[in-house]
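Read from first to last, the chains carry the letters A, B and C; within each, the first residue is number 1.
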């Protein structure tokens, strides 16, 4: 039981970090990252590759996170001046193209064979979990500080009022870029931890499912609310992983059918959450200034 | 060379129908429908059901399947997008992602992941010996079907859009929804009609893609990027211009196979998309708008 | 016979804050009322409430005796109300011909398609300047012609009540005068007209009565020709004396 509990906590923690990253991009700044899985995969591969090339795993992790943040910045630059729909397709496109490269450029990524025997920064499952939880805590604290800082307040103002955005011009672009990169870094961190945990990565592990999970966590948790997101990640992953048990009881469905069913539930969950609980379950942090003003 | 151009135009037709569907829904509802790929897939499989499971000839399967695809799109709008009407474009975007997940995995659940094929009579390809001097031209049976169905669909939609009362309503709502309402145009009915056309087009597109290659649950998803690139190239708020974008994308994609392995076609589409967005986001025929 | 338009104790505004405070208006069939007033007096709000783009916080509105305060703009257009907004009042991407045809076809759905041409001829007599622009994209027209297309499109609806929001806005004095010639011709066909106008002289010239709205309340209601020289109007509107030109 303990190993299962441990792996569950790992999944929750990694998903939590990715969701927090998406929350900075989308919840706080209003930028739609439909290519989340691509950045996650990018970090995992960079980290794995470096570690296999005898880099120290800690260093590999740092490098991967930084590179992912930079990659996020570069990709978002393509459409940062345009409306959100464009960013959505650009990030999606970048992720899909990256996946193709990972699959076909075997000299770099070993293609479908994947990269195995990835060394960890700390030995043992339990220490790795502790490290992951510590990182989760660190990311949480950092992003809470960002949300309360002028940077965060500016981002919220721009997200909520396009007129403010229009009048601020260039500053808005720089702000968006920085926040998208910051969120991208967190997503990258999650990807590294993924590589360390499984110690084996291949292209089939990464797909739009990851993006969907993260979006669902952010929506249910409440866009902008980091606490809510941690809560919802815990619940959602628990529920979804719980359905794996159904394999044994629902023999008349094949495992691939169950997987498809699970994804249908995620999709349905996304839709229902948007329709019925767009604010999520925990309200976003707002600076209280006496009576609430009309603008917020 | 002629063969490559022809293949490119046929590829372009495959992209044109869904690109038109995308541009239609964008021009009226102002959101990018990421479920379009899934609609393509679902439509293709619906026709497969009539054609292979029920054994109908492909023409009848298509005749029934295409309007059915339109109705499914209207139902999805009623269930998902209507409750979200008035919310931000981003909310609709994410909702369409949810719809895509449900549709694509419903197909996977029902039909599994192995590639399937339509039941079409095999026929010999037509050769054009007189064109051998230009490199020769060979048109196979599926390509004739694709050209016939594709071109006739486009002509029908173009006529509808430009000359019919419904087409005027759609153009009016896309231009100025508030004014359309005071001139007696029902937004809900126009939107429902638009979804019917969009869904039917997507289904027809799925049929053509299934004829060109095979059916698998990922087929529509794989076309998302080229379809978006085509629509943006044409000018995403000018529906008929999407057809132009698609033909250009088709030819470009075929030409690229001369230098790049064919599995990287998606990368070509992405490259075109990125270049467009950096240089001319309103496309060739769209209206230049103030970027933010 | 019931009044074409009747407002009783209407209060309306935005985001919980009322801008109109108890407005009463009676407009008889075939009458013409021009509403004037300083900026911010609530003229636009009044029109939006009449047309159905705004819900009332209190009071009632009736068209031909039928209560309409619960109906939206689409429903009211089906009852014979035609509205010409101040801005974005044509479909810029459609041709003039398509604009005009659209004005007709959704409010006469069961009539023959060709019947619209008869109405078109009739409306073009009132607005002859746009007769030869039918295949031009409406967005490419000059300001004055665009206003004409806007009003002509509304007339294609064969309305019983025509509501105009500052028709002279943004037009040169010459174009404004030309436009109002067409409005006068329209008025002469016997249609009921409700208009708000900044150009008091032009606005009151085509009306039976004028109404001065200040801070969301009716301050003055009088026959149009009397109002123009009434010193109360000048004080309420501009704080000036009669004899000082009111138009700008």
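Points worth noting:
Please note the rule applied: a residue touches a chain if its C-beta (ideal position, glycine included) is under 8 Å from a C-beta of that chain, and two chains touch if they have at least 3 such contacts.
This is a predicted model, so every value here is computed, not measured.
The set of chains in contact with chain A as well as chain B is empty. Set against the Cα centre of chain C, the chain with the most distant centre is A.
Chain centres defined as mean CA positions place B nearest to the mean of all protein CA atoms.
Work out the mean CA point of chain A and of chain B, and you get 30 Å between them. With each centre defined as the average position of its C-alpha atoms, the distance from chain B to chain C rounds to 43 Å. Per-chain CA centroids place chain A at a distance of 54 Å from chain C.
In chain C, no position touches at least two other chains.
Those residues of chain C whose C-beta lies close enough to touch chain B in the complex are 51, 53, 72-74, 77-78, 82-83, 85, 88-94, 98, 101-103, 105-107, 153-154, 157.
Every residue of chain A that touches chain B in the complex is listed here, in rising order: 26, 30, 32, 34, 78-79, 81-86, 88-90, 92-94, 96-97, 100-101, 104, 162, 165-166, 172, 208, 211-212, 215, 219, 256-257, 260-261, 263-264, 266-271, 274-275, 278.
Taken together, the chain B residues at the contact with chain C in this complex read 165, 168-169, 171-172, 174-176, 178-187. For chain B in complex with chain A, the touching residues are 26, 31-32, 34, 80, 83-84, 87, 89-91, 93-95, 97-102, 104-106, 108-109, 112-113, 221, 224-225, 228, 232, 261, 263-264, 266-267, 269-270, 273-274, 277-278, 281, 291-292.
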